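To keep things simple, chains are lettered A, B, C, D and E as they appear, and every chain counts its residues starting from 1.
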Amino acid sequence: MSLLEGHITADGRKIGGVLMEMKNITLRFGGVVAIKDISFDIREGEIRAIIGPNGAGKSSMLNVISGFYHPQEGEVLFRGAKRAPMKPYEVARQGIARTFQNIALFEGMTVLDNIMTGRLNHMKAGMLSQAMWWGRAAREEAENREKVEKVIDFLEIQHIRKTPVGRLPYGLKKRVELARALAAEPMLLLLDEPMAGMNVEEKEDMCRFILDVNDEFGTTIALIEHDMGVVMDLSDRVVVMDYGKKIGDGTPDEVRNNEAVINAYLGVAHD
Amino acid sequence: DLVIPSLSYRTGPFAAGGIPFADGYADYMTLINERDGGVGGIRIRVPECETAYNTERGVECYEALRGENPLVHQPLSTGITYQLIPRMTQDDVPLHTMGYGRTSAVNGRVFSHVFNYPANYWDGASVIINYLLEENGGDLSGKKIALIYHNSAYGREPIRTLEELAAKHGYALTTIAVDSPGQEQASQWLQIRRERPDYVVMWGWGVMNQVAIQEAANIRFPMENFIGVWWSGSEQDVIPAGQAAHGYKSLAMHGTGRDYPIYDDIQTYVVDRGLAAGAGDGVGTVLYSRGMYAAMLAVEAVKKAQEIHGVAQITPAMMRDGMEALEITEELMADLGLPNFGPAFTVTCENHGGTGEAMIQQWDAEARQWNLITDWIAPDRDLIMQLVEEDSMAYATENNIELRCN
Amino acid sequence: MLDAGQTRTPLLEVNNIEVIYNHVILVLKGVSLSVPKGAITALLGGNGAGKTTTLKAISNLLHSERGEVTKGSILYQGERVQDLGPAELVKKGVIQVMEGRHCFEHLTVEENLLTGAFTRRDGKAAVQRDLEMVYDYFPRLRERRKSQAGYTSGGEQQMTAIGRALMSRPEMILLDEPSMGLAPQLVEQIFEIVRAVNEQEGVTFLLAEQNTNVALRYAHTGYILESGRVVMEGSAQDLRENPDVKEFYLGMAEEGRRSFRDVRSYRRRKRWLS
Amino acid sequence: MPDQVLFAIEVMLNGLMAGVMYALVALGFVLIFKASGIFNFAQGVMALFAALTLVGFQSGQIPFAHLINAIFGTRLHHFGFTMPTVLAILGTMAVMVLFAFLVERLVLKHLVNQPAIILFMATIGLAWFLEGLGDIMWGAEIKRLDVGLPMGMSGLIDEVTYNWFGYGFYIDRLDIVAAMVAAVLVVALTLFSQYTKQGRALRAVADDHQAALSVGISLRAIWVLVWSISGFVALVAGIMWGAKSGVQFSLSLIALKALPVLMLGGFTSIPGAIVGGLIIGVGEKLFEFTVGPMIGGATENWFAYMLALVFLVFRPQGLFGEKIIERV
Amino acid sequence: MIYREAGDFKTSYLADSQTFPIRFDRYGYYLLLAVAFGVVPFFINDYWANAVLVPFLIYAIAAIGLNILTGYCGQVSLGTGGFMAVGAYSCFKLMTSFPDLNLLFCVLLGGIITAAVGVLFGLPSLRIKGFYLAVATLAAQFFLVWLFNKVPWFYNYSASGQINAPTRSLFGIILTGPRTEAWAKYLFCLIILLAVAWVARNLTRGAIGRSWMAIRDMDIAAEIIGVNPLKAKLTAFAVSSFFIGIAGALFFAVYLGAAEVGEAFGIDKSFLVLFMIIIGGLGSMFGSFAGAAFLVLLPVFLKNLLVGGLGWPTDLAAHFEIIIVGALIILFLILEPHGLAQLWRVIKEKLRLWPFPH
């Protein structure tokens, strides 16, 4: 089904055809134009970064992808087909998971329960079975718990499994959010500033997780980040937005040397 | 001692009515103890229990007092009454609901342990109509009567009777419901203003009474054509409206004012000795008198029971017998210091409801007092008994009750 | 390295404080800091080290989180301030920019900024001047001044929060992660502002930062916190050159910046204490 | 004009007036909600308490007489003098300010930064406390409240409309006074909250307690201020409603009439309270008149809520409420 | 260090998600059950049953129901009284229309009918949120009470408008009507409560419970990660109303025996149950029990203390009772804002660390 032939990256990862395509998206809030006629695509298996100054419309773009905002103009193509306007939870069922810029964890629940919510779409037991904790419900609970435990091990958050998330420090919350998104076993993972508020060491860990997810499960990742080091090192291709417009798109190297990008965003040419 | 508890409500939405009633009830018992040394030489104890007019707390009170072997209960709440009817019948304790509760309990063949003498709601409705008949020379045809009622089981009680009577006497009846608690009655009174009924009859309780009287005054409805049931005819109902309430009428199931000899006794033996349940300033008010009257009827029943069974320390079952054999005569009332205060009546096995007679009283705002303006008026007994029969027999079949008194 | 204008008198002294949340969770296990007047002091440390808690303890916002300083003392200008309300502390010139933005969602950006001037008594004109100053620092805010803060982007909210603190004309600002969520250009700009305010107005800064790199470039002195304890302190210069700091906080390998892609194995963390 | 129409107009006018009375109660809720995001369950009881205190002062009742008598066996009731109305109102205001002060001191201060539902719960505790206190202080029997407000049908309007339409409209004079008072209150409070520094601070506090503290807004001062003002509003509502129905427990239930108004107008909007009140007032009265008789009447209580519900389905934040910010 | 979890290892994920993971708790629970079933029925008298235990058990059921909706799913409801009325009146209609129908079925069917009504009034929750939602449920409350009051069919056209529970028995044991024994009422309610609590616990610890809590904590985020808000909210309304309906049926049939809708199921009831779960702890099973116990037992206890023990006049005692309950609510809040359940948790946490302070 792939529209374009895939290719292999320098470090041997396979990048496939176009998974998601945004075509001429325009999004307005009253008088504010958050996104102005932007088109770009995300290919299967790649790490796609979106960068741009504050208020450029990056988060809004993720919200469009996850179906929370509905653009006034333009269309979204998912796996080659035009996506009808749908509710966010329907989008999630298609295999798109995400994290949020302002952490959106369920504060009243423990870490484990939070991550388990990521698997809700994989649990199908009926009400009665759940009410009796019998048969399918109990079985599913154990199966899904096992998957979640894998994610917990993977992200090294075993020690806080039963802690209510409200008490966690910022960085760990971010990690739990990632865990929740990963637990859904998504095809496309959207990360909105996953590394904000972390120090270098933690960022390194986070990068490692992202790369491993991408490597091992072949998950496609779209990522917003302000740390240029991270963006340049991790991503395969970068979209640059400014004031709702796209001002650059290409490999990290191309973007880094793009005049418009330097002026609008980087300030100085990054090494 | 003889335990006659008082399930009172001195808090909650209807405290204003509950307080004087409970005071009157307690003070009369105190009087009996102080003046007569109790009944048959045994002192009366009145454990009080606060229900806040709440059925659940009523149940709690009933259960809490059960261990004390109470002779009779007087809960002053229709809701609590309904809880207690089956329970108390089962426990063999009599229940006295004076002018409230389950009207069809008049039928002693079905309700062995419930007494609602001397009058009930249906009697009251009929008395009002009879009074109006009298005022109109025996003819109400073509007249418009509006009933403004508390939108609850209590408020709906008179509707059936009034409808039957409307068919009989040819007046037109409009019913207007007021939602509890009844603080807002603007639209009801606009409707009355528009329809210009000749008379307005009210079945209200608590704040609904005060607001209705105020509103009636506001729309300048002639007060003398506005008649309330006995629960809508106490001082508190009219005083907030001030001068405007002048002329308002209500049913009176007992006398009013302080001009009965008994009050002198209460003053000397109870109030002056600092034994009054309340502040002592409520003596002689309508609801106080009603509480006192209820207590008096209870005490008379105790005497009767002692007489029948020949023991002074009677049991609840004996008390029931006493109540069923109760005989109130004019002489007895006069002896008790309450001449013509209540109707004369006799309780029988079949009839637990008395004669159903009542008077009409009218408010004099100038003098701040109620004046009786009629003598005892009898209800349309045949009609009422027929309604009672219907309702009580339905209850009997529903609950497999065997009829008594055969 | 302190410049000539600054003195060594500590404006703020934190002596061995202990903080407990919810009566059971011990978070700070004896933290001592000394913030010289007119200096920029950085508070560094990993997630959950206790930076935010320290700042809140100073600004007395802990109570509203059900936290408590159970030991030690906090002195501002030599005076105990533990028992003052946060509002009184602001009147004394200490203001905090909270982590996680904390804008007033329903107020517009401009109203947000104006609330910053709540305690000021120097007249409308002065407030207006400062408002212009903030807009000059953050032109983006001027554009969005009429929108409700709840509808602005993460970075715009961050700017609003910082601008709001500047509006109160404080003597000392406690900045909690100012760089979080800001574009790189803006991060530099914010620190430039910090430096400018510090140098021109003599405002003292205590800033908690994860972005060690930038923080140590602008700060004069720094403290490193780990699991509720101060594990290292010194001038920014010294800290920058410390090999451990380099390794763990600056992400430097011997040959310069390490690529994030090259971190192949999860490294065992080396810790000074604990 | 046909009779039916005239009558409908009369009903609407009366609905408007009733709406004003509801709005008076709703205003108190709005104020506190605006300033702290607290849904103050105790507002109705505050109105009762204020009215009780006012009557108590006016009639020279000894506070806690019943309690004192019960403990010491004394027979105290009245001081034996009465207080002029103005003085009594001022005295009551002082009591309400004291109350505001104590609430801040003993309750709110300890609950800074807690979620709305918890503050709501604190006000439940407060309502119970105040209800019991009011009873003990002043007794539970019904009291007449008379501060000299005009009551009853307005003859003027009756006459004028009679001359115009041949049908005299009924308007209660008390309602007219209430409408004027409400108008003054709404204008004053709107000005206060929109155009003063304190007003801005108030809204800031409602959004985020901690952030407000961090910029130096003293929650204490704001709360004492706001609770005092809403104590005053409660007093006004208590006077108006108390004049209608006497002062007794049910006065606290007027809060239930204010709820749909509040929701329809929006929890945070002062003008919303009045507009909501008017809509609810007219709506429920008209419904009671047109549909009521067909289905048995006494529909006002539930219809008010249904009406509010319909509005909310289209505007979930109420007519004038601040838009609920939904973002991620 | 008697109270701890160390050494209490779980070998399967299911064992790990059990209700009482700590052994000490588990044994405490077994002990409680043993007392409730093995001891109490032999000593219970009418006072304890009617004034204390039966109302407690029934309110606990209602509190669990409301807690599911408000505590777990975050939808504030003030319609509890109305929904209880639906349960009570359906049960009444079933009992009188089908005299041979098993009482248990009457109660359960009452719950199911209530669930349907609950879903209907839950529909606006898709648009209306927070305190604003209370309007929808209040509309339900007032409308339902009005309806049961107005339409005589609901109360079998009785003159008084009251409904009376006829005598019905289960396995030959009389459970309604005046001849019911205290222990029978108690056990019947206890068994139903335990069943309800068990079901509620299962639902809340599983997938559906997580989707409720997700909606409660942050509905937008929940929707974006894949929770269908329509389904989550309506199931919460259904389950919650089901339990509340059962509570209403029991309240009428077993506890009161007779009821008038405005009095027994008025708005006060809605507030009372809401207070129970807030005081007990939102989103906590234990909280539902604790809150019900607090608001049922405390007034009775205070009354007995003040009137019985100290001999105060009843009215003073009644006023002080309200004052004390109000003050205690505030005091508990200040000590621990998240309800009695959280207070209990903190105590346990301290106990676990004991004898060390931290």
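Observations on the structure shown:
Just so it is clear, a residue touches a chain if its C-beta (ideal position, glycine included) is under 8 Å from a C-beta of that chain, and two chains touch if they have at least 3 such contacts.
Labels paired with UniProt names: A, C = ABC transporter ATP-binding protein; D, E = Branched-chain amino acid ABC transporter permease.
Just so it is clear, the model here is predicted, and its values are computed rather than measured.
Listed by label, the chains touching subunit B and subunit C alike are D, E. Counting C-beta pairs in contact, the pair that comes out ahead of the other among C-E and B-D is B-D. Taking each chain's centre as the mean of its C-alpha atoms, the one that lies farthest from the centre of subunit E is C.
Put simply, the chain farthest from subunit A by mean CA position is B.
Taking the mean of the C-alpha atoms as each chain's centre, subunit A and subunit D sit 50 Å apart.
In whole angstrom, the spacing between the mean C-alpha positions of subunit C and subunit D is 45. If each chain is reduced to the centroid of its CA atoms, subunit A and subunit C end up 29 Å from each other. In this assembly, the C-alpha centroid of subunit A lies 42 Å from the C-alpha centroid of subunit E. Counting partners per residue, subunit E has 146, 220-221, 224, 313, 315, 319, 322, 337 as the residues that reach two or more other chains. Counting only residues that touch two or more partner chains, subunit A has 68, 100-102, 104. Listed for subunit B are residues 10-11, 19, 151, 179, each touching two or more other chains.
If you check each pair of chains against the touch rule, the ones that pass are A-C, A-D, A-E, B-D, B-E, C-D, C-E, D-E. Contacts from subunit E toward subunit D in the complex involve residues 76, 124, 127-132, 134-136, 138-139, 142-143, 145-146, 150, 220-221, 224, 267, 271, 275, 278-279, 282, 312-313, 315-316, 319-330, 333-334, 337-338. By the touch criterion stated above, subunit D contacts subunit E in their complex at residues 39, 66-67, 70, 106-107, 110-111, 114-118, 120-122, 124-133, 135-136, 140, 256, 259-260, 263, 267, 295-296, 298-299, 301-302, 305-306, 308-309, 312-313, 316-318, 324, 326-328. Note for the complex: subunit A touches subunit D at residues 63, 68, 100-102, 104. Residues 46-47, 50-51, 55, 96, 146, 149, 158-162, 164, 166-167, 177-179, 255-260, 262-264, 266, 299-300, 303-304, 307, 313-315, 317-319, 322 of subunit E are the ones that touch subunit B when the two sit in their complex. Partner subunit E is touched in their complex by these residues of subunit A: 66-68, 87-89, 91-93, 97-98, 100, 104-109, 113, 116-118, 120-121, 123, 125, 127, 130-133, 137-138, 140-142, 145-146, 149, 180-181, 184.
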